[in-house]
Amino acid sequence: MALAIPPAELDAANQAYFDKCVEKIGFVPNVLQAYTLDMAKLNAFAGMYNDLMLAPSGLSKLEREMIAVVVSSINRCYYCLTAHGAAVRQLSGDPILGEQMVMNYRAARLDPRRRAMLDFAAKLTESPHAVEEEDREGLRRVGFSERDIWDIGAVVGFFNMSNRIASATDMRPNEEYHAQARTPKA
Amino acid sequence: MALAIPPAELDAANQAYFDKCVEKIGFVPNVLQAYTLDMAKLNAFAGMYNDLMLAPSGLSKLEREMIAVVVSSINRCYYCLTAHGAAVRQLSGDPILGEQMVMNYRAARLDPRRRAMLDFAAKLTESPHAVEEEDREGLRRVGFSERDIWDIGAVVGFFNMSNRIASATDMRPNEEYHAQARTPKA
Amino acid sequence: MALAIPPAELDAANQAYFDKCVEKIGFVPNVLQAYTLDMAKLNAFAGMYNDLMLAPSGLSKLEREMIAVVVSSINRCYYCLTAHGAAVRQLSGDPILGEQMVMNYRAARLDPRRRAMLDFAAKLTESPHAVEEEDREGLRRVGFSERDIWDIGAVVGFFNMSNRIASATDMRPNEEYHAQARTPKA
Amino acid sequence: MALAIPPAELDAANQAYFDKCVEKIGFVPNVLQAYTLDMAKLNAFAGMYNDLMLAPSGLSKLEREMIAVVVSSINRCYYCLTAHGAAVRQLSGDPILGEQMVMNYRAARLDPRRRAMLDFAAKLTESPHAVEEEDREGLRRVGFSERDIWDIGAVVGFFNMSNRIASATDMRPNEEYHAQARTPKA
Amino acid sequence: MALAIPPAELDAANQAYFDKCVEKIGFVPNVLQAYTLDMAKLNAFAGMYNDLMLAPSGLSKLEREMIAVVVSSINRCYYCLTAHGAAVRQLSGDPILGEQMVMNYRAARLDPRRRAMLDFAAKLTESPHAVEEEDREGLRRVGFSERDIWDIGAVVGFFNMSNRIASATDMRPNEEYHAQARTPKA
Amino acid sequence: MALAIPPAELDAANQAYFDKCVEKIGFVPNVLQAYTLDMAKLNAFAGMYNDLMLAPSGLSKLEREMIAVVVSSINRCYYCLTAHGAAVRQLSGDPILGEQMVMNYRAARLDPRRRAMLDFAAKLTESPHAVEEEDREGLRRVGFSERDIWDIGAVVGFFNMSNRIASATDMRPNEEYHAQARTPKA
């Protein structure tokens, strides 16, 4: 059962943000609802999230979502697998790719760049203490820049955080995600 | 070797923040230096960090630092163990407590509230997928409120993120931390 | 890449079986195609599978499929998660339940009988050497008979086998499964 | 304590099979006794087992038994280690080899073919999700054919099943196995 | 291949010790042969070993050997499983008990005292950092004294040492152990 | 709570040893106090310890202490991390090196010889069953002799023992260690 914490009053900026969510995707993601317990925390979370997943980067938005799902698969996070699995299906137009990220990314036929990116994400999630220079070298060899490596690390880190906040608080995904983008895009 | 990413120009607000760090603790923590690659990312990180560790909460600042060290001990993060181990020594005035958090928190003689808090932090770090209602019940039984549980989850999550960003980028702690607060406070 | 093994000639009984598959579900499951390398092996596999999943049992067909998915989730088997995840969605009429079995069965709101059944399945998959009388007692307490316990063990065992055969041979699921039963049954 | 399930009546074919067991090895293996709860299940199990372990294959019978013991050693299955440890001693005429398969196959001085076969078996048992094309390539390099790889995967899979059925039901090996083939064959 | 270290000259006391080994058991155990590289190390090792396994204790010699085998089973040490498995068979007169200690001690029908002793040994071997007062309480409840707990800890510790020295140096057991005590004592 | 075992009377040789401890380091290490329960055990332990850590060897005393700390870090042994962490700080004159051994030795900038030594120590601690000839070859390649490999294995083994004895008996380090050698030697 989710934590019983009364929401604070939504300030104007966040009310506008929530309205925009409803307008664009039809609902306010439950993670944002959960953060209404405190405007400062909502701002900090949404600010970091939006910068990380939407700001310009050497990683495409799809690649960032692929990392999100692979991390969440290792941590078996129901909330994040549901929400970001849908995002991979949507951004790729390939529902099977979304399923593979959820189930076992090694089953996907990926190009060497994406495979190296996801292998790094998996190792950084499972044994961060063992990540060393030769792991970074592996990313450089397939073309990632220094800044790209930062961005990969930051996305891996972020979902290792959000997976645990979701588990700690029994956060549940909006049901709408499940049916989204189940048909391949032509 | 740390990532070779040129820093962006520090904006006025962050310049003031850095100046204040030097004034108060004698140096700018290397994690903040690392984030100077991008002002938006620096703001997002520092904003979340300061809210989490310094804003009012049912958890004392020391308790939040104890969680930080226990999480970092499981993930064996050299940066965070060094910086936050120093913080536990400082805030508690008890250098031995700081060492115990780094080495094995089970060796410390803790009251049931803090022990339950750290057991939850350890489980949420090691097997987030297995955290369930009975784990939250364990926290409630020793007196934590719903909001306290959120805060515990959020601190555990945050250091599971920062441990991985530090590992991914080979971030190294300022040497000053090692000698700090090695003498018990009377 | 799947193993390059030429199929044997399908005998009459198996030709009829395959025709029936096409008639009923529109395709021959790839696992059966793979077993055409040897009629004796195809018969042994299909015989055991059909007895296990379809013969009368104290476990419903849905419950057997739920076990199949939970085992395959622990072993991260792309083939079995895809095929049996679809079966859970279909038999339950509840697409969300199917997703939860794939992602983390602990996130589903299950009655105590099914929860105990899946906890036993997970432990038997992850640490078979530690399953003892008190684990069987846990099943008896929620109403399972001796024979039911056998059936649970047999289904868990079977998917621990098939998960590994699929991984060893890079078996890939028919694409049709992904879109099946994505809409809740009224 | 083994499950208390009354046996069904043995049909004529299985009665003959059991009589032959007594004639050839002096007893009916307890796993077959356990399966007398249901003739269809006995037939399915014995059919698959006999095909797998006795039918023509690029793997010798000894090699299939070596795999059986290595898998059962990882899963610490008392039943299968006892019964198949005896089989390795018998088929090889080398009691020490049997002990090494039970204790730690890495301690045996094996030729590269058998070592690669057992390394694959161990990985497929411990982390089936991580078995990929390069693991199959390793088998091809020491001379295994595509069909041999299938057979290795099938034997590994089978004992990952039977280990778990034995654990789930507390199946106990016939005591006769322990003393069998303890003297090296000249 | 064992380490190529030339033996030192055996001093008189150790020559007598070795002669006594040959007289009593027919051979000098290979671990002692290995330690002839240095008389001081041989004395230290044999002194500690003989005190631990043979001196008066609340634990019987058989119980100490049972612990030795359970520890060695977790660490999969071929040398120690072979030598001490033989000792359990010999001291108990029960070859099946010896096999169960090697394969999975949970399969043995033990009284609560011995079961608690071996559960403690297993936990102390696998996760020493998690052994706490309640584990010691479990031993006290089945009748172990403070000194018995020390002795259990010391035997568990010793074999966690010797298992690793054997692995590090590829130490191989004398072949004579394998055939010893395979017949139940009347 | 430490075990309640009354000490035996200290014999003359050990009284002299303890007096010398007080003279040289200001206190008797608690591990020696604990062993006063039995003079034979005290002699065996101290004899092995002093030979191992102080006798001539291809490994420097500092290197042996580095191994001690890395092993104790994996086993999270509060006693040994405290006592031997201090020894690394003292012998190296480099407090940061001591902290790195406690926290994650991979964070230290080590020469290839020491890195190989500690990688071997970590593997031998975590998975002794998987240490094989190629691991020994790795040590030879960076210049270790056969006898050095023995010594590495013996030190790794010893601390895997002492870590477990400390955990089993809740042994606590003398508080004096914490403050020792916190200032870098010029």
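Residue numbering begins at 1 within each chain, and the chains themselves are lettered A, B, C, D, E and F in the order written.
One rule holds in what follows: a residue touches a chain if its C-beta (ideal position, glycine included) is under 8 Å from a C-beta of that chain, and two chains touch if they have at least 3 such contacts.
Everything numeric here is computed off the predicted structure, so don't read it as measured data.
Enquirer: Which chain's mean C-alpha position is the greatest distance from subunit C's?
Expert: F
Enquirer: Which angle of rotation, from 0 to 180°, maps the CA atoms of subunit B onto the equivalent atoms of subunit C, to the nearest 5?
Expert: Superposing subunit B on subunit C takes a rotation of 120 degrees, nearest 5.
Enquirer: Could you compare the number of C-beta pairs in contact for B-E with that for D-E and name the larger?
Expert: When D-E is set beside B-E, the one with more contacts is D-E.
Enquirer: Compute the centre of every chain as the mean of its C-alpha atoms, then state which one is farthest from the centre of subunit D.
Expert: Centre of mass proxy via C-alpha means gives B as farthest from subunit D.
Enquirer: Need the CA-centroid distance for the pair subunit B / subunit F, whole Å please.
Expert: That gives a centre separation of 29 Å.
Enquirer: Counting in whole Å, what is the centre-to-centre distance of subunit C and subunit F, each centre being its mean C-alpha position?
Expert: Whole-Å distance between the two chain centres: 51.
Enquirer: Where the CA atoms of subunit A average out and where those of subunit F average out, how many Å apart are those spots?
Expert: 44
Enquirer: Please set out, as single numbers or ranges, the residues of subunit D touching at least two other chains.
Expert: Residues 76-77, 104, 129, 132 of subunit D touch two or more partner chains.
Enquirer: Let me make sure I understand the interfaces: which chain pairs count as touching?
Expert: Touching chain pairs, listed by label, are A-B, A-C, A-D, A-F, B-C, B-E, B-F, C-D, C-E, D-E, D-F, E-F.
Enquirer: Write out the stretch or stretches of subunit A touching subunit D in their complex.
Expert: Of all residues in subunit A, those touching subunit D are 104, 106.
Enquirer: Given the complex with subunit F, which residues does subunit A contribute to the contact?
Expert: The contact residues of subunit A facing subunit F are 129-130, 132.
Enquirer: Going by the contact rule set out above, which residues of subunit C touch subunit A in the complex?
Expert: Contact set of subunit C toward subunit A: 73, 76-78, 81-82, 95-96, 99-100, 102-104, 107, 172, 175, 178-179, 182-183.
Enquirer: Touching residues of subunit B toward subunit A in the complex: what are they?
Expert: Within the complex, subunit B contacts subunit A at residues 1, 3-5, 37, 40-41, 43-45, 47-48, 51-52, 55, 75-77, 120, 124-125, 128-129, 131-133, 136, 146-147, 149-150, 152-154, 156-158, 160-165, 167-170.
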